[in-house]
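Next come two complexes built around chain A: one with chain B, the other with chain C.
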Partner chain A sequence: MKRLRKLKSVLGLAGIILIAILVSPVAADGSNIFLQAGNLTDVLRQMSVIGIIAVAMTFVILTAGIDLSVGSILAFATCLTGMFITRSSPGSSHFAQAALAVTVAVGASALVGAANGVVISAFRIQPFIVSLASMIGVRGLAKWLSKNENIDIGFGSDAAASFAGFVNQKVVIVGAFAVLAAIFWIVLDRTVFGRYVRAIGDNEKAGRYSGLPIRSVKIAVYTLSGLLTGIAGVLYAAENHQGNPNAGVAYELDAIAAVVIGGTSLMGGSGSIAGTIVGTLIMGVLTNILRLRNVDSNVEMMVKAVIIVLAVAIQKSEKAE
Partner chain B sequence: MSGGPEPLIQLDGVNKHYDGAQALRDASFSVAKGEVHALVGENGAGKSTLSKIIAGAVQPDAATVRWRGEPVRISSPIAAQRLGIGIVFQELDLFPNLSIAENIVIGNVRMERSPWVNRKELSRFCAAHLEQVGLAASPWTLVRDLPIAHMQLVAIARALSFDARLILMDEPTSSLADDAVDRLFALIRRLRSAGVSVVYVSHKMKEIFEIADRITVLRDGSTIGTRNAADTNIDEIIGMMVGRAIGSESLAPSGPPGEVVLSAAGVTTQKLRGVTFDLHRGEILGVAGLVGAGRSELGAALFGLDPIRGGSVHLNGREFHPRSPADAIRRRFGLLPEDRKLQGLMMQMSVLENTSIAILGRLARWSFLSHSREKGVAMPVLQRMALKSASPEAGVSSLSGGNQQKVLLAKWLLTNPDVLFLDDPTRGIDVGAKRDIYHIIQDLAGQGKGVLFVSSELPELLQCCHRILVLREGRNMGIVDARTATQEQIMKLATAEPVAA
Partner chain C sequence: MRLTWVVVGIGLALAGCGGSSGPRKKLVAFSQCNNSEPYRAAQNARLTKLLAAQPDVQLVIADAQQDNSKQIGQIEAFIRQKPDLLIVAPNERAPLTEVMGRAFHAGIPVICLERDIVQPNYTSYIRSDNREIGRMAGQYIVDYLTKKNGAPRGNIVQIRGLLGVEGEINRYEGAQEVLAKYPGIRTVHEAVADWIQAKAKDRMTEALRAEPKIDVVYAHNDPMAVGAYLAAKDLGREKEMIFIGVDGLSGPGGGIQKVADGILAATFVYPLCVDKAVEIGTRILREPGFQPEKVYTINSVMVTPENAARLEKAAE
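Now for the complex of A and B:
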């Protein structure tokens, strides 16, 4: 049954790709624009930031939780990246400065995630509420740190420019997504931690009666969510050449949508990284083809809404069988 | 029958089965006008099912129901309300965030004729009924702010508000203090003299003999008989409840008991009042008592789920006060919980994953799990369980209740406990699987483990255990020798007042 579900979301992806090929505009030389290598790698690059967040979100949702704060954490991470990469620090190499900026951004994001996890498990407040509060608070923090202005990461020859120049390559961005997805696929399928994540989401009470370290697992899952979102933030900063306190608005919803389209149940306990990758690809291809057809971005949102509901409805009907 | 000229309600040939288990078979029950009629039976005898059928909450497979001599069908709780049947359920089904007044009129067909709420009229309407039950509270108090005894009065007021002629009370005193019980009984007597009939479902013999006019006994889903309270006594009623013992040669391994493995002295928690016993290696100690007597609470206290406030526990001669189940498991104490689905199984996981969940830390290398190693450790135990399951990869949800219970037993065997607390391990499973589970339990004792075996079925305890600890309202009522004790003796300990207070 699990295999069948995976198959269905893959079929969904195949369907979307087929439609994309059929409706794609044709270039002057008669080639299909959607299928051009440049466009296909663009699809991958555009979906990588959301994809990385969605990988972490899969773990959170598997425990029957939710993390609404990822969009704000992403903005927070872009600001920290921007601030630390543009600081004048004579004497240190470009590499050392970039390493510091990345470490601070990713580390601070992980700390925010850990704080979410601690509050959720220590005070037993619903993850929705805690991460909603965090979504508001961390957005404020990002704006306050950046004094509500974008921090430009330039194109010159300073540390900032060489950092952005390196990271903003398709191979680095897509590579980061691929490597992280692979690592966490293995973590979920092969490690004790992964098994605990699924077990707790399946039946937390039974987990307690089995002596599982429920608190630690929950804290770990939200820390992971902050950490991966921090990495996504670094990529975003390089891609857009700026630290942006207004970045990532509604990204949590895109990530949740990708996870859910990939067949992970919001009730927890059932789902996979493979599904999330497929879900992310479906959203990515859909966005790409709509933009190639110059569809109004508002219409784009409406189409996405239909796709999300359709995807989940199909999974429900399977369960009923 | 001596119930007057014409019964208010008369049920005959009531049959009901759930998932293969027969809850009621050809049961009958009749209540006269203006009487208090107690409905008694062991756990699982069919009292709740019969009450729910009268309340319209459950539909029987077959039954003839007459209300004031007219054949009727109680197709829903609304239909019951229209007839004049009110219910005060054990798990008080009130809306805690609504006011007393709103709780009284909610679902009241007459009051809800208009979509608008007239607060003044509502207030007047409710005040009258609150006075009737003797509750001096503003109708606008939120129900969640009331003590539990008052919530019950609200439920009774609700029944009276639609002119109920029959009020069904399920274990109404289970969470009441003594003075609240007295006030409730005074109210019941007032209702009776006003011509209202009360069906009183309870375990508590003393109360039943205090309040009931007649007593009907159910056993295994059948009506055993109805007696006038004045013409019978506790012994006769208990005899009717337990019936005769079924063929029961003892299964418990003989041989001298080993050393003491678990020793509890005066264990006190929120629900337990000084429970004391010794459990020996190789011994199966039964734990008997009615629902709410503290059986599961004893498990929760020993397993680190419920803080121990007084007394002491020693495991293998060392002080044992686990802070959590994980702690208890490390000290080699295991607990098979009462509710298989709620507390035991991960329904979306496989048989193998459910079996190994408690020992993953030990199975893993560098926190990585090897599927073949996991199978290698779990399979021998699963096979010993005579588990007729397709494959270890099968979803545990696809198994029968008995096989699911075996998976959970296998999980606990893998943790290699010195003491295993089995909370009603044979509840809701078929006869064949029960027999298998008895043998597994005997095996465990044979290996020198101490087993605590909770069950609601006395024949099962008498057959499987060496000794039986009887609990009542959190108190230790005595430990009897399973080879010489009778069901009547245990039932009396479990229901009657202590001999010396």
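Now for the complex of A and C:
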């Protein structure tokens, strides 16, 4: 049954790709623009940041939780990246400076995630409320840190510019998504931790009676969410050549959409990283083909709304069958 | 399972809309940073109108909704379509520099509209000059006060836009350049209202409470000037001072109409830059070997009650 459902979301992706090929505009040399290697890698690059966040969000949602703070954490991480990569630090190599900036940005983001997890599990407050508060507070923190201004990463030959130049390559950005997705696919399917995550979402009470370390698993899951979002923030800063306290608004919703399109249930317990990758790809291909067809971006939003509802409806109806 | 086919059907229908078939027209792609600003909407409308006169040109506008990543993605999709001309109104300098470079180096003629980017990754950059607008406003204030008070002296209030933004910095400093030469003219109150009319009304109310005598209010855009006027009107003091703004958009809610209505004494047109873009763009499309200049600067025009009606008509 499970395998069948997974197959169905892959079928959905195949369907959308087929549609994309059919309706893609044709280049002057007669080739299909959607299928050009450059375009296909554009799609992968554009979805990578959301994809990385969605991988972490899958863990959170599997525990029947939610993390609304990821968009703000992303902004926070871009600001830290910008601040530390542009700091003048004579004597240290470009690599050392980049390593420091990445470590600070990712580490601080993981700490924010850990704080979410601690509050959620220690005070038994609903994740929605805790992460809503965190979404507001961390956005404020990012704006305060950056004094409301973008931190520009230049185009020269200093540490900041060489960092952005290196990270902002398709192979690095898509590679980061691919590696992280593979690692956490294995973590979820092949480790005890992964089993605990599913078990808690499936039935927290039963998990508690059977002595599962519920508190530490929850803290770990939200820490993971902060950590991966921090990595996404580093990529975002390089792609946009700036730390931006206003970045990532509504990204939590894009990530949640990718997760649920991929068949993970908001009730927790059931879902997969594979599904989330497929869900992210569906949104990525859809966005791309609508843009190649020059469909109005307001219509793009309406189409996405329809796709989200239909994708979940299909999974429901198939479950019932 | 039936639902799957519904999805496929809807997908096909939706993907089918947009774009057009028939003989290939010249494709002009416009990447607009944010349709929901009135200035941007005016650019879109003007561009659409001007290009409608060329039936073999197909114009496509993508709205990035003030999102750098979205604008980068939209320009990437345009690059794949190899448009005959790409016009970009960048949302922000740094994030758009690289992708515009990719378009430019792919051989697509690129016109950068109004806002500069970090590297000259464009065929032509069409700019307007905010500092010159600031100077014009400063000179207008000097002339008005000299006429009103017999000498260049008086009290002014400045309502500033979002701090740190190029337009705000130059509209402010350009005026300061001129005003600094006249010690009799004092800026008695400065407030920041982030370009927003409602905020300007609140900040102006405070200024009015603090300052018993105000001659001129210089707001760095028209909505803020109107907000300041509304605050003064609430306190019955709108006849005591004049209000000047910047932007000078046409249309019923625009600054030109506000001048015609007597609410603003003057405004300074912040050019849409679109007419020049169409002029240059058309030559790029139709004259092989045409070498445009790297930078064009569009001059502002002062709007006063005398020329408001004429300018409004010309902008239609």
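Keep in mind that, in the parts below, the second predicted complex is superposed on the first by the 321 of 321 C-alpha atoms of A that agree within 3 Å, B and C clash if a C-alpha of one lies under 4 Å from a C-alpha of the other, contacts with A are read in each partner's own complex, and residues count from 1 in each chain.
The definition used in the following text is that contacts are C-beta pairs under 8 Å (C-beta built on N, C-alpha and C of every residue); 3 or more make two chains touch, one makes a residue touch a chain.
This is a predicted model, so every value here is computed, not measured.
Upon superposition of the two complexes on chain A, no clash is found between chain B and chain C, which fit side by side.
When both complexes are overlaid on chain A, the residue A:269 reaches chain B alone and has no touch with chain C. Vertex at chain A: the C-alpha centres of chain B and chain C lie 130° apart in angle, rounded to steps of 10. Within the superposed three-chain model, A:191 lies in touch with chain B and out of touch with chain C [touch as defined at top].
When the two complexes are overlaid on their common chain A, residue A:41 makes contact with neither chain B nor chain C.
Contacts of A:103 after superposition: neither chain B nor chain C is touched. Annotation for chain A, partner touching more residues between chain B and chain C: C. Of the two partner chains placed around the shared chain by superposition, chain B is the only one that A:210 touches, whereas chain C remains out of contact.
Using the contact criterion defined above for the overlaid structures, shared-chain residue A:32 touches neither chain B nor chain C, since it reaches no partner. Looking at the shared chain after the overlay, A:162 reaches neither chain B nor chain C. In the superposed model, A:199 lies in contact with chain B only, and not with chain C. When the two structures are aligned on their common chain, the gap between the nearest CA atoms of chain B and chain C comes to 23 Å. Chain A makes touch with chain C in their complex at residues 8, 11-12, 15-16, 19-20, 22-23, 25, 27-28, 33, 36, 38-39, 42, 46, 49, 148-150, 152-155, 168, 236, 239-242, 244, 247, 286-299, 303, 306-307, 310-311, 313-314, 317-318, 321. Every residue of chain C that touches chain A in the complex is listed here, in rising order: 1, 3-4, 6-8, 10-12, 14-19, 60, 62-65, 68-70, 72-74, 76-77, 80-82, 92-95, 97-98, 118-119, 164. Residues 1, 190-193, 195-196, 198-199, 202-203, 205-213, 269-270 of chain A are the ones that touch chain B when the two sit in their complex.
Interface residues of chain B facing chain A in the complex, by the touch rule stated above, are 303, 305, 324-330, 335, 337, 342-349, 353, 357-358, 360-361, 363-364, 367-369, 395, 411.
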